[in-house]
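First subunit A sits with subunit B, and in the next complex the same chain sits with subunit C.
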Partner chain A sequence: MKDEKSLFINIVALLILSFMAFYIYKVSIDTGEGIKITDNITPKMRVADRFLKKNVLDENSTYNFSQTAEDTSANIVTSIVVDYRLFDTTLEVIVLFVTILGFGFVIPKDRRRILKPSVILYRWSPILMILMLMIGGYMFINGHLSPGGGFPAGAIISTAVLIGVLAGRKTVNHKTLKVVEAIAGISIFGIGIASFIIKGVFFQNFLTGDKIGDLFSGGLIPVFYALIAFKVAAELSNIYFEFYEEC
Partner chain B sequence: MLLMNYITCIILIVLGLYTIVTKKNLMKIVIGMGLLDYGINLLLISVGFKAGGTAPIFTINELDKSSFFVDPVPQALTLTSIVIGACVTALALALVVMINKHYGTLDTDKVRRLKG
Partner chain C sequence: MTQHLPILSIISLFIGAFIVALIKEKNEMLRNTIVLIATFLSFVFTIMMYRPIILEGNILTYWMGNWEPIKDWAIGIGLEVDQLSLFFGLFISLSIVLSALYSFRYIERETGKDKYYVLFLMMSASVMGFIFTGDLFNMYVMIEIMTFASVALTAFRNDRPEAVEAGFKYIAIGSIGSSLILLATVIIYAQFHTLNLAQLAGELYNNYTAITIFALALMIVGYAVKVFAVPTHFVAPDAYMVAPSSISMLFSGIVNKAAVYGILRIIYVVYQSMNLSSMQFLLVFWGTVTMFIGVTMALAQHDFKRLLAFHSISQIGYVLTGIGLTTALGITGGLYHALNHTLFKGLLFLCAGAVFYATGTTDLDKLGGLAKRMPQTTLIFLIGAFSISGIPPFNGFVSKWIIYQASYEAGYAPVTIIALIVSVMTLASFIKVAQSAFFGQLPKEFKNVEEVPLSMRIPMWIMAILCIVGGIVPSTVTKYLITPAANAVMNSAKYVEVMMGKEFASKFYSNLGSAPVIDYKLAGYWQPIAWLILFGILLLAFTLVAVLGGFNPKKFSYADEEDAKYDVFFSGESAEFSHVGGSDLFWGLKYQFRHYFDFMHKIHSGLVNDYALSVVLTAAVILLYVFTFVR
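Then we have the complex of A and B:
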């Protein structure tokens, strides 16, 4: 299967790329409805303007624009997972890491015979991988605005790696995964120590002054979710390499 | 509608416990652990649900005067529970693979003997 650069693959890739370019262009010139990246100073241009007229838990009060960092995430579940209970989440990621460690010790390291992939899986795997990586990136970037977040995004990205492994294509190196996992894990605790130096409390959110509902809002919440997504993706991909690697 | 949730999660938990206690195949025991896990997740979600509530997200839909949120704390805890359940299943499957390589069987009655 040498003809990777066939005409069909190129045409499909160009179609997907043109669709992505059109979507980005449409989002960037949209006013009011979509997520506005550049201009969030004018109140008419903000996404969150029409959602924050009132507090939904109390009929009489109005929800004003918040200036503190702790309640600037539009998704309240994300606020709880990555802000109020961040200790819980980081220790949960460590539990996942210890599980993968024990998995690598327990699984027998004998030679396995890998079946030859079918032509359909071999040809369609790059397209599926592109779509899955797009959805995974969208999920952890928009984790503080919409359902989703770091853990499902990590699962989706690692599934893209799994499809590449099953199709017999070269995806990522085994050592790269460990480097990514280590950098993400160290960064989470590095940001925690930095917030201890700046604010005096471990894991406190120290980026303030953004508007709820924007793409860049929530302070440290998107940063933590992106780090968690990379760590979970690297850890779950390690499982598939442990199973399918020829050693 | 909420009663249906409780009945379903009780059925799932009881089926999981029954599978763990009575079955002899190790793969079936792992499947029973998964069923128990899903039942507990469904129970946690159902405890925090109020009839007519929307998802606790400010930007997902238009919120009018009569709308309210469901409780977001059990959903966050369920996210933790799902990840721990996946960890437990992966480690248990690795142990099952190791037992099958060592003893050549998955029957729990036949893996009792010590085998150097």
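Then we have the complex of A and C:
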């Protein structure tokens, strides 16, 4: 496969894709409902509102059990997962880490030769990967505002890596994944220690004073979600490398 | 600073694990240094908690992320370290340090060392977290890490097929146990909408409903699978045998002990079923069956580590019996035996590892005469064997004595007799090991074996010295370690009061502030120092006779000729220098009880389906028992 040809085909594919996206957008606008990519209207109801009957924009409204318990994230599930019970979440990520590391011992490696993938998969895999990475990134960045979060985002990102492997393209290698995994793990505990130095308690959310519902709100929650997403993505991508050895 | 110590001792191990994961496999020096620093830091932080908790009698609490309970309702994760937790934490963190020290030379010839140390640190950290946490779901997550890390380390030598097989069995059985614990956790959470142990203890005080009893039964079975009580023990020998010895030591020393702690914490502190005679009977009966079946299976083994694994099961039976008696004396004995079991069983596993390191096998039929080549290991092994068999100046005697006395006083005289018989059988099987591995004829292929390196001998000597110390000064050990822990077990009101505040506790308990008085007298006229002197005199006399040539007039020689005369001794004739094979030493006993042994061999079929079935059956029986008798 020559490079000029592949570049050309990629450009054509991207053009087709963008045309399709534009068409869908146009149709939805014409029908009146519309897909609002940019939203200037400030929403009045958020997820927390639906679950807890609490208006997150009103400073005086309170959470069921306390006045101060939910003062950071608009999504109460995220508050529970990454703030009240952050230690458990960290440990769950470690369970995944230990499992995948350990199963390399229990199930010995197979030798595997990748057959030449079909041209369609080979050409389309970068496009699919870009879309998957975008969705994954969106999910962990918006984890504190809407359903989603670090775990599913990591799973989606790892699927992108897997498609790259299946298509025979070089994406990331084993060592990079290990380094990402370990650094993300150290950073989670490192931020925990940082909060010990700043606030005096481990795993406390020390970035406060932002407006609920903003993209950059929730203090440390998006940071932790990003770290968890990277760690989960690296761990799940590692499954392939743990079980197969290319020859 | 003091209140941060629990989380620091957990977190230093976790961070150590991630840093080790970053280091390349070749860079051995740096990795060993980091492992040693992480484990040692954790040990130091645990030691630093000794003064505030045990000497001053405080209970440390710590709310992660400062999520303190609001309106008596805990929404965050709380750590709570009382005397019981600290008692377990002290010897667990010590054995982690010793195991790390031992590993450096022991696994130097293996591949995959980077993964080994990551998993090692993860397992240690999860056990420390399990001991120090005060949250039901956090306990479950820690158990999950513990199980998966144990499975992976079981299959560490995955060039041997039996290692992979044992790993597979362990994951099947371990997952069933974890699932039962998770199900119980979910049920309790659905019922009380909280996961904090102290709050649950308050809510559960005199409040047994069908649902909570269901959860209790599931918890008991789940932790029994983790502790390898008898009908669920089948996977333990396989796992202990193939894992590296430094890990087998941790399996019996810390993973089992964590499950014992779980039983104590859940059944006694959270459910407060101390005074239910049905629960006492269940644990005592279960413990007795466990100790008996474990030791009889150990008699029939001919692999060093497999034999030790069955002894581990048997000794856990003593612990279960002791804590099941629920008297002050019984709990003291159970906790003391838990401590001693970690010391002497860790010591024996390390000896088995030393034998494996030197000779490459742990099969008792192939070994022999290593005492000439490895004198220090032999001496250490003898200390461990005397301790586990309960010979007076060593620590095993003290805890076993307390358990005999407690069971007799509580009216379980048959249990006392069985415990005595089990102790004798323990001694018998260790005579077998000593005779087959360390004494007798040195096989030709082992004539060049050497003593293990110093870094492997240091942990063994530390544990051996602790074994002797625990036997000579039992009253000091009891006063400064065991009695506070036993007190904490019996005083769950204080646990609730410290964690959730006085107002919350006074809603449920009327007897706040009145600690139970632990008052008992050790029966008998034994003086540890006198026993030590007697033992020393006997040893001296024995050595004198041996040196003067009283036992073996001819000079020692290994069989250097290919002669049938020097083969393993299989028949009943006696000949000079012939070596009785390990499996043949007690052939008379085995012949007389052949039906029993045949039956036991049939049950230990090696099929994971059978093992899973036995766990499920146990769960069914315990459910029936608990629903019928526990009120």
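A few comments on the model shown:
Keep in mind that, in the parts below, the second predicted complex is superposed on the first by the 174 of 247 C-alpha atoms of A that agree within 3 Å, B and C clash if a C-alpha of one lies under 4 Å from a C-alpha of the other, contacts with A are read in each partner's own complex, and residues count from 1 in each chain.
Going forward, a residue touches a chain if its C-beta (ideal position, glycine included) is under 8 Å from a C-beta of that chain, and two chains touch if they have at least 3 such contacts.
Since the model is a prediction, treat every value here as computed from it, not as a measurement.
By the touch criterion stated above, A:F203 is placed in contact with subunit C alone, subunit B being left untouched. Residue contacts after overlaying the shared chain place A:R85 against subunit B and subunit C alike. With both structures placed on the common chain, the touch criterion links A:I94 to subunit C but leaves subunit B unconnected.
In the superposition on chain A, A:H174 contacts neither subunit B nor subunit C. Within the superposed three-chain model, A:N75 lies in touch with subunit B and out of touch with subunit C [touch as defined at top].
Within the superposed three-chain model, A:G102 lies in touch with subunit B and with subunit C [touch as defined at top]. Once the two complexes are overlaid on the shared chain, A:F151 sits against subunit B while remaining clear of subunit C. Touch criterion met: A:G192 reaches subunit C, while subunit B stays clear of it. Where the contact sets of subunit A with subunit B and with subunit C meet, they give residues 85, 88, 92, 95, 99, 102-103, 106-108. Only residues 65-66, 68-69, 83-88, 91-92, 94-95, 97-99, 101-108, 178-179, 181-183, 185-186, 189-190, 192-193, 195-196, 199, 201-205 of subunit A touch subunit C when the two sit together in their complex.
Residue ranges of subunit C in contact with subunit A, taken from their complex: 4, 7, 11, 14-15, 17-19, 21-22, 62-67, 70-71, 73, 75-77, 112, 115, 118-119, 122, 126, 129, 135, 137-138, 141-142, 144-145, 148-149, 151-153, 155-156, 158, 164, 167-168, 171. Partner subunit B is touched in their complex by these residues of subunit A: 47-48, 50-52, 54, 56-57, 59, 74-77, 79-81, 85, 88-89, 92, 95-96, 99-100, 102-103, 106-108, 110, 145-147, 149, 151, 212-213, 239.
Residue ranges of subunit B in contact with subunit A, taken from their complex: 55-60, 62-63, 65, 67-69, 72-73, 75-76, 79-80, 82-84, 87-88, 90-91, 94-95, 97-98, 101.
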